[in-house]
Amino acid sequence: MTLNTSNKKTSVNPFPGSDEIVAEIRTLFGRLFPICRSLTGDGVRQTLEILKSICDFDINSVASGTEVFDWIVPEEWSIDDAYIADQNGSKIVSFKENNVHVVNYSTAIDAVLTFDQLRPHLHTLAELPSAIPYRTTYYKKDWGFCLSHDQLERMDKKAKYQVLISSSHKPGVLNYGEVLIPGHSGQEYLVSTYCCHPSLANDNLSGMVLWVFLLRWLKSIKTEHSYRFIIAPETIGAITYLSEKTEDMKNIDGGYVLSTVAGPGKFGYSHSFKKDHLIDKAAKLAMADCGVEYINYPFDISGSDERQFSTPGFRIPMGTISKDKYFEYDYYHTSLDNLDFIKPEYLSKSLILYMMTILNLERNKIYKSLNQYCEPMLGKRGLYPSIGGSQKQKVGARADFFEKQSNLNKAVTVTDEIEAMLSLMFYSDGEVSLIDIAEKTKLPMSVLDEKAKLLIKKDLLELVK
Amino acid sequence: MTLNTSNKKTSVNPFPGSDEIVAEIRTLFGRLFPICRSLTGDGVRQTLEILKSICDFDINSVASGTEVFDWIVPEEWSIDDAYIADQNGSKIVSFKENNVHVVNYSTAIDAVLTFDQLRPHLHTLAELPSAIPYRTTYYKKDWGFCLSHDQLERMDKKAKYQVLISSSHKPGVLNYGEVLIPGHSGQEYLVSTYCCHPSLANDNLSGMVLWVFLLRWLKSIKTEHSYRFIIAPETIGAITYLSEKTEDMKNIDGGYVLSTVAGPGKFGYSHSFKKDHLIDKAAKLAMADCGVEYINYPFDISGSDERQFSTPGFRIPMGTISKDKYFEYDYYHTSLDNLDFIKPEYLSKSLILYMMTILNLERNKIYKSLNQYCEPMLGKRGLYPSIGGSQKQKVGARADFFEKQSNLNKAVTVTDEIEAMLSLMFYSDGEVSLIDIAEKTKLPMSVLDEKAKLLIKKDLLELVK
Amino acid sequence: MTLNTSNKKTSVNPFPGSDEIVAEIRTLFGRLFPICRSLTGDGVRQTLEILKSICDFDINSVASGTEVFDWIVPEEWSIDDAYIADQNGSKIVSFKENNVHVVNYSTAIDAVLTFDQLRPHLHTLAELPSAIPYRTTYYKKDWGFCLSHDQLERMDKKAKYQVLISSSHKPGVLNYGEVLIPGHSGQEYLVSTYCCHPSLANDNLSGMVLWVFLLRWLKSIKTEHSYRFIIAPETIGAITYLSEKTEDMKNIDGGYVLSTVAGPGKFGYSHSFKKDHLIDKAAKLAMADCGVEYINYPFDISGSDERQFSTPGFRIPMGTISKDKYFEYDYYHTSLDNLDFIKPEYLSKSLILYMMTILNLERNKIYKSLNQYCEPMLGKRGLYPSIGGSQKQKVGARADFFEKQSNLNKAVTVTDEIEAMLSLMFYSDGEVSLIDIAEKTKLPMSVLDEKAKLLIKKDLLELVK
């Protein structure tokens, strides 16, 4: 089966919440989770290749040492093994058991150290004593190990330890993935995610997986707008990309940074720096139409790659739909953010929300009523229900994507359908867009879009743009 | 006594809440309620004639078959009798008992039918089993009866029934009433209501009665603005009028649709599509000044004739003050919306609110201070109270119309009066209107208006427009 | 020690909450409280001379009878003694005991009167029976005594009383104090207070004292903007000043009216008529940065001298930070508003808030990022903390002025510092001011200001204006 969900539903079950898709997500989780990713190196390349096997995109590279705005593309980091062994040779902390144990981007070491010598290089989380924290040392040459606070407390403070990190930093490349899905509206939207985190699940294995499924779906439909998909290491990858494609990136209308989309916690929406931009409205209407309750997060200067995309030189408004947002969940940046924490089913719901968000951008056209004086007589065109009976009867789901798997769907009634037609005729003066009408009326974008097409067919409405 | 309440109070009790007015409203309720109205026909004509006897206006007609924008003026519907009789000839449902029993605009029938043949033509309300629902079949040739669910359950399902509707549809006219009260400000406001509902009280006997009393009052005073009063069948009547007077109607500044103003429930205000237009402010200030708590209703595309007046070709902002708003009360569009449900006293309160609303429009002038530098010395002009004592003493009611019949009035204090004068001098820079000042200061429009006139007399203020 | 708190902290304890400052405030309270002030006369002159001994300013005068806009400068009022004595010659009400006993600006009288003759000239407060009310009769020739309601009740209603007011009204001058602290930004701010209240403490002994301490501090630092300090009798003094300096006063950007700043009640902020002007933001950010909870008061046409400064001819937006705002506290305008009611420690807190407010105006510059594309690499410039550990460590107080005396300070963390730098780089596009950035980010102005200077030093930011 395919994810191919075109606007015109043609297959019986093109639904991302289906068992097949959930199984496909689960398989991908299993393949990608164990890889030791970093800013650069084999882990990133393996990850991009596996994602590319789900849906094709270009994998590009920029050489270490390249100046990218205020930054420099770093060397490639390779790591074979790393451990701390006790006096009996028993490995008490081992990279091969969990790659989070090594401070990411650590320099090499092979030495016997006293506990006191070792201690400054050990990182733990006293407040979550069973978790291994995730730490990096990208921009300072250093080495270290991360371990649970419980482990630290069990260590013999008088003992000596064999400490090994078999790593190297060598000139190489920084890799990123990209693809442009061309549209014809003149508008272009960005969908980005980052691929530099090692064995951590919600942040950001989940974002990468959603990214590739969203890409596969978008490639399967004919889009109005262009969509640029980017996957790169966080911060330096985004900066490198922006440096490579500076002029192209100045013309982008908005976009989304995909991150932390499969946790057990609440949905959230992180606003663009513009607060109430079209991309914010499209996402929030999608969530409202699905009956999803979500936390509103304001723009945060300490967020993800919107920190780069939205800087003065580009000013691309970027939003993020999350399920258990980074920073906010207890297991964030620890070994407990693993495959027991996230669920394919949660990711599939986030995927639906992003699909609906993009459909909202696609549907956001401006129409003009061809019947400016008084309302049209819907009845003579067969657009009005006959007399009698309540107008509350259900004629469809407000959010068809959620319909089969959740109780989140709200009925679309005959009243909704009539209101959608009347609202389209009332507000469409050639200036007001469909998202504006959805905000005014609280009607689902899907119903407004469907009725707009019907009214065009009946010569009551015309498309302005 | 008369309703003549000019801005200058000349009579001792020109007050619409007076016993005489309440009695007059009650009498009119009694005369108008029983009439079987529809879109067209004798019921509408009788109704308009009775209203005209309270206050004169023109009654015009447009021939059946006339094209009015996207619609066609319908034929006249006449009905003599209608009933369902059982096998003993006993009439179990009779038009003569309650005209709501017949689906309005039903075609004729005279037949003996089995219960099963009859059933598709019977309309009941299971959730309000003692009520007869109100149904229409204006735009589909059909016939039917409305009855209480209790009645339906008592019917013998095996029996045959004599079914008669003695009605006809013939070319005739659609009637509407109108009058223009001319002003000299260049602004024109619309006051409309609809007259097509049969024996239903709050919707919309109450609106018609308020309309004619408001008209009588407005004709008795000299107005700044022009006021166009229209009464016509809902939807098709408004469309017909707009079609007849298209160019005139493009220059209207705003208005009110009168509907459901005498129920026992809460006051409400339905906003214009502009949300915060002058006509919205005028009505809301009137309600605030009377100490009336009310429900805010947003603009609703499924509302009343604002659906026509506010379409792109006209874009007239229309608001509605209601007491027990249509759609919202349990008895809406049923036989229980009768003379036991509404009260003349409630209508008189709504009338006061509309009078104050219109006075707010009349009072909404722009002034300019003639003393731009520092505040004027009020004392030397006798405008300031002498020393000593609290400034909280009551000098009048904030809402003089409500004063005598309710506890809703708030005292106007000396402090209010001084604040009104200081505020007028402070804000009046030739741009800010009296309604703006009322919104900023929360002072009653009546006090601001009175003090503005006083300050003009004292050469401290001039009228800009 | 001195109040000299420059932007660059040079002394160990330049802190206005210090014991030395509190003692200095207490001494000044004691010297100024007993003086009988009025609109004009010796009381005002003594008061201004004492204040001038703390920090120099000009004392000017305008002759009685001078026309000032709609008003006339009044005569000087002198009073030697006043009392009501009983038949035994015992003074039951005596000016020498409390100058509030005499209605301020009373004409002279020397007579024996029955209680009934005297009664209309006696003012009491039944609702606060132990307090002597404060009353004036500036613009009506009259005389009177104020006494506690308890005193009134104890008076023999059958007795005769010896009544003396030894006062005179003679041509003289109205005095005011002023000084201009010149800056170079082209912006000028006004700081005004009033000096016409006799022995009343919070209103407005406290305002006068804060005024002179704020003046002394501002004179000790080099300011960007110009500051005009005015002290004059309320209303007529402000009008006189505006009349004398009309053209100068048309170019002022905003300011503050100092009043009621040392009571035991809540802090408050009274907004300018512009509601959300820069001067409002500067004050509210100061209060937020200090962790001060305060009551928001809207602009009030019955307020203090903003009534004059903000009239259409000048339109200077004026705000007021208060501690126990005038009108709002029970003892307002009574003898209970005395030195037992206010505290020097409270005044020193209000002083800190005003200093921070003015620093906010001083700090409110517009910067432009010199690194418009992506964020700068803070690490290579030593601006980023090294890895590991929580970023929550405290690096300073959000509100350094409050730090030593209260628990109101919130920690400034490493995270705050990084966010400040990133926010400055992100928002500084040459249009957005520091106050705008503080509002968006909720970061303290002091931290933003400090980091802006650091980023300029690192060639990452430039000052636009």
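Letters A, B and C name the chains as they come in the text, with residue numbers starting at 1 for each one.
Keep in mind that, in the parts below, contacts are C-beta pairs under 8 Å (C-beta built on N, C-alpha and C of every residue); 3 or more make two chains touch, one makes a residue touch a chain.
All values reported here derive from a predicted model rather than from experimental measurement.
Novice: Specify the contact topology among the chains shown, as one of line, ring, star, complete or other.
Specialist: complete
Novice: List the interface residue numbers of chain A and of chain C, divide the shared ones by all numbers used, and answer same when the ratio is over half, different when under half.
Specialist: Interface between chain A and chain C is built from largely different residues.
Novice: For the two copies chain A and chain B, what is the rotation angle that overlays their Cα atoms, in steps of 5 degrees?
Specialist: Result for this pair is 120 degrees.
Novice: Using Cα averages as centroids, what's the distance between chain A and chain C in whole Å?
Specialist: Their C-alpha centroids are separated by 53 Å.
Novice: Show the residues in chain B shared as contacts by 2 or more other chains, in ascending order.
Specialist: Within chain B, no residue contacts more than one other chain.
Novice: Mind pulling up the chain C residues that touch chain A in the complex?
Specialist: Residue positions touching the partner: 369, 371-377, 379-380, 384, 386-388, 415, 418-419, 422-423, 425-426, 428-429, 441.
Novice: Under the touch definition given earlier, write down the residues of chain A that touch chain C in their complex.
Specialist: Answer in residue numbers: 68-71, 103, 123, 135-137, 139-140, 142, 144, 235, 238-239, 242-243, 246, 273, 301-302, 307-308, 310-314.
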